[in-house]
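Here chain A shows up in two complexes: once beside chain B, once beside chain C.
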Partner chain A sequence: MHRNKSLALAASAVAGSLVLAACGSGGPSSGGGKISDDKVVLGLLNDQSGVYKDLSGPNSKVAIQMAVDDYKAKYGDKAVAKNIEIITADHQNKPDIANTKAQEMYDRQKADIILDVPTSSAALAVATQAKAKKKLFIDIGAGTTALTGAQCNKYTFHWAYDTGMLAAGTGGALVADGGKNWSIVYPDYAFGQDMTKSFSAAVEKAGGTVQQKIATPFPNDNFATFITKAGSTNPDVVGIMAAGGDLINFVKQYNQAGMADKARLAVGLMFITDIHSLGVEAFKNTVFTDAWYWNFDDQNRAWADKFKEKTNTRPSFAHAGNYSAAFNYLEAVQAAGTDDADAVVKQLEGKKINDVFLRNGEVRAADHNVTHDVYQVKVKSKDQVKEEWDYEEVLKTVPASEAYAPPSPDCKM
Partner chain B sequence: MIFGVLGVVNFSHGACYMLGAMIAAILLRDTGMTFWVALVVVPLVMFLIGVLMERLLVQWLLKLDPLYNFLLTFGLTLFTVDLVKRQYGVSSLAYPVPAGLGGRVSLGSVELSVYQIFAAAFSVLVCVVVWLVLTKTRVGMIVRASTEDAERSRALGINVARWVTPVFGFGIALAGLAGVLAAPTRSVNADMGSFFVIILFAIVVIGGLGSILGAVVAGFLVGLVEAYGQGYVGQFSQVLIFVLMALVILFRPAGLFGREEAA
Partner chain C sequence: MSAQLEQRVDVELPTEPSAVGRRPVVRWAMLVVGLIVTLALPWFVYPPVAMDIAAWALFAISVDLLLGYTGLLSFGHAAFWGTSAYTTGLIAINSGLPFPVAILGGAVVAMLLAVPIGYLSVRRTGIYFAMVTLAFAQMIYFIANQWRSVTGGENGLQGIPKNLGGLTDLVNSDSFYFYYAALPIILIGVFIAWRTVNSPFGRVLVAIRDNPARARALGYDVERYKIMAFVLSAGLAGLAGGVFAVSHGFASLQELIWTTSGKVVLITVLGGIGTLWGPVLGAALVVSLEDQLASSGFNGTGIITGAIFVVIVLAFRHGIWGTARNGINAWLRKRRQGARSD
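On to the complex of A and B.
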């Protein structure tokens, strides 16, 4: 642990001196030129080695490369961005490292945009950098509504999902389906608290009641007593707001405690990689909201096939989100005729998009939240699964207007 | 036990626990090996790994300050965890509850899963077997004598050094066994041991360094504290374990069953 800290210190010291060096050389030269430094640099900043590696990680670079290829194929010689470079960095889900890496990418590596950044606290750190450097940031992997709320800014966009949308999709819909009484179990840190707040609001708005909100330590591997407690009020639905390894711990123990037959399990945030690792059996009857599903229709499937050729795996919604964000960024550069950040932001704001990831998508000008149709899904039973990764049954498409709350009054651009 | 006999604080126990579970899951996936076979095979594999660790690395540092082996095993942990991540990624591997243990039984007001009961009974069985081996057999006597006072055992003509390797391997095998037992109820991934080792450390300190009975009693104590903690103070349940540890250190610096000189 000490080693990590001293490494981080060393890294920030280096980055700090780089910032000074960049200032000395006159700062960014985006002014009147068409393409700064004669190339467009896309920076992918995400978890390349830790818990979120599989659901986004290195394969998101493949997705972004697909966007670059599609852009070049579409415009050929007419492309405004002729040289496009993709750079990546590992933020290890730590806000301090994300902060340093973002500075390094914007200043030293001349990134025109940073993409992805899972982990809410890390995403907020990068948003602050984007604002200070006046360069673009499109977040895909993080869930916090603060990115388009109190901490929104002109250069930050939130592309794929947020906790509010997950709650509206899952919470509201399950109450309508008869799940009136809820117990919510959540890890006691920023993400868990944010999710619990969003879910409680969604459940109550739909006419349900949240009987218990049970806080657990994070991380945690033994949920036995929490599960007993959650079941003690005989709820219709148990909502679990944990992610990654903790989610899997919880689900295994939930099933062993026999709760699966007594209450429906609603998972706050689930990635298809979670189902893949535990198998569909473990998630019997589980309901959640997905921002995108690879096997939803022919368009998604075609894209997923291309992705599989390159990675030998199926894409999560984060992979498709990175593709869509990178492609639409390049489209905006094309339309603006420059990679100047202010001009690109102007192109993106208010844009209505339909692509492989976004259906009825809109880049809201008021808060830069990218709203789109999302999907309420159920995990398939074992005999319904026809091939590997064929895990989700789409119950209902939740229209963008229902899934996303109106722009927050806290957001002042 | 490893500490008692060797004076080595083995910080790689978490990694060995993880390896045990990972090996079981990989064997299940690639060869279809059942839980029952894994329960035998995995500890054997882990024993070999333990022997290799001791022969290749640990033994060279035995003469130095125990801190060196502490650092070595800590380094091995980081190394192993990253190696597993590189090879198998960070997502958990699937490990279902073994056939025949999936049901539940009702005991009055509480309902327990058969697997939980099995795991508890099996742990007790392993404890009893280890205890019997240590107290009733000649090997056990030698190991205990070496734990008590290595110098004097040596003076009595016992080749303490000869027992170092198997004891180390046995300790690692037990960690691997714990990993197999945990696989059906925990997420099986490279990071699963990092949390385990912290709790383990608390158990060892509470029980008394080098005391086997102490470790068993402290293990159950910590389990109870955590369970009641979850029931009454939720998110602070883990903190309670360390409060308990701090209290024990405050009043009995050597742990509940430790001897002063061991501390």
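On to the complex of A and C.
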């Protein structure tokens, strides 16, 4: 018995000293130099294997690499960020994985910024981490207005598009074109809920009515029952708020069910990669809002040509958005002379930008939403398509002030 | 698979304490080594991963309490882990109480939930028990999915704070400190499990597992004992789930989905059921393997863990710890016999 006691004592002594030692050494180290860890680490967190792989995915790394190359070419020896590293991770569109990965990227891999993050629920999780870790997060792939609304924070920026902008462009235009009665089918997570809210508001504002709002699981393969239900009220327009692989599945099944002749299809969010994988016929005459189109003008086309050399495909707006966000982040680091998050945020806030992606762009200081001109486009018919990826006809340019709602009162920095 | 499940879970818990267990010196030495490894873990492993290992270890121990010591295979333990994760999160977000209090609240709610579920399911054994618990867990999952105003639905419950009175800033500054702040909760859970197993109550559970008819004939109310074990196990799963949620600052539907129930059973069987040390080992193995594979950019984590599982089940039926312990015992016995014949 004696022996046991002494052993227990020894154990607790060892344990105690370990705890004490731990308190001394394990703390976070604050960077001494201007560039933390002597390098700027850009973290790309997106869907590398699932339904959103094509619209952003691994090719966004190529886009970010192009931004890094352009930054280095522009500043040469004067570049503040000499070592720039790009790391990637797959969040599988799940908020819990995104949450853990973001934490790891900031802490373990010393990422100075996280880019992209499609899937709104995942984006909100990363925004929470960015706020906690006081590191930058520029979202490109997700659409929810909550990022610049109730859940906005100092370190989170929303670069390319949001659901309000998509609804203002597409919803209003279709009602004016005679599509009064709507059925909306949406994936049941932050993005879908947000899209439905924005579209309902836009449709009703233009004088239409939304008869049904049908929630589907996300991700989902079989939409047959939802399509039947959507058609049951004989709507003029069926609005689908899914994106990426889910959108492709839905449209395929929608056409197979013969719905295309009965009701007009409105797509809430579409990437050019979606049109490419189904072909223009499936989307005949579909009107939607695009944040950027590669064949819009010479500047876009020149960048798209460079992108094609490296990837053998044309860029979606998410690819161009990642390029623009990464490049402007590096510009802000250059201007601030450091990669310290607070200094970089100060550089970005209120900045007016015109680049290959942003036209009349402004990083709004009030809510960190990046507003810019967007485009109302129509999918071309087969005989109008002159070359591969030439799928969109720009109907009109929607100026930034019309496309984006003013900063939300919910946002308190 | 189903034929096997219908049979009584076949573990040999030695009728006399094993040589490893009988020698207090060995036992204490093991405990000390275990404690040192636990305390030193975040120095070698990324601290949030270390926290995950600890939480999953307690979760697996809670399953082992049912599977290894009572002979009940619950395939719905995610219900308690997840319910506690959400409850802990809601308490921490809305009240600002220190996180250990929130976790305790989560565990209590998990135990309350376990009373009706246990009452309705312990009347069945084997595959039927597994299916009934799975059905209840799925119900909880869908309730959480639809009850969006409270749980956040698909978005999950975000921004769970790590409050701890005056230490809040320290705990928040680095997950390294949080590990030491939350570890006592896990250790208390493990201690409760250990006390239970090594008590008269635990002996009755083993008796029920091995021969329910005889236990009943001896005057034990078998159903009541099973419900008590079930509720206790749910409480431990709840403690683990609460720690997990606070560590991640996040509770999502992933915590309630049936694959989580499957994963914890896998960890338990991998480590060795009816051993308490086994689940800990299993959790360390599976969680760190998943972490390694995920950060190496390999997508087929399931293939690797699945393959290991198949090998363990086929070749080492008592799990990693069970096999190792039996091996050591056999070796010790041989040596002792050798010494005696000299």
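We take it that the second predicted complex is superposed on the first by the 342 of 413 C-alpha atoms of A that agree within 3 Å, B and C clash if a C-alpha of one lies under 4 Å from a C-alpha of the other, contacts with A are read in each partner's own complex, and residues count from 1 in each chain.
One rule holds for everything that comes next: contacts are C-beta pairs under 8 Å (C-beta built on N, C-alpha and C of every residue); 3 or more make two chains touch, one makes a residue touch a chain.
If you're wondering where the values come from, they're calculated on a predicted model, not measured in any experiment.
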{"item": "First, second, both or neither for A:49, with chain B first and chain C second", "value": "both"}
{"item": "Chain B versus chain C as contact partner of A:224, first or second or both or neither", "value": "first"}
{"item": "Which of chain B and chain C A:252 touches, first, second, both or neither", "value": "first"}
{"item": "Partner chain in contact with A:107 - chain B first, chain C second, else both or neither", "value": "second"}
{"item": "Contacts of A:188 with chain B and chain C, given as first, second, both or neither", "value": "both"}
{"item": "Touched partner set for A:296, first chain B, second chain C, both or neither", "value": "neither"}
{"item": "Chain B versus chain C as contact partner of A:75, first or second or both or neither", "value": "neither"}
{"item": "Contacts of A:276 with chain B and chain C, given as first, second, both or neither", "value": "first"}
{"item": "Chain B and chain C contact sites that coincide on chain A, given as residue numbers", "value": "49, 188"}
{"item": "Chain A contact footprint on chain B (complex, rising order)", "value": "82, 85, 89-94, 96-97, 104, 111, 113, 115-116, 184-187, 189, 191-192, 195-196, 226-228, 230-231, 234-239"}
{"item": "Complex contact set, residues of chain C against chain A", "value": "24-25, 28-29, 31-32, 35-36, 39-40, 42-43, 46, 48, 153-156, 158-159, 172-177, 180, 248-250, 252, 254-255, 295, 297, 299"}
{"item": "Touching residues on chain A, where the partner in the complex is chain C", "value": "3-4, 7-8, 10-11, 14-15, 18-19, 22-23, 26-28, 49, 90, 94-96, 99-100, 103-104, 107-108, 120-121, 124-125, 128-129, 132, 151, 188-190, 218"}
{"item": "Complex interface listing, chain A residues touching chain B", "value": "49-55, 188, 214-217, 219-226, 228-229, 245-246, 248-249, 252-253, 256-258, 273-274, 276-279, 281-282"}
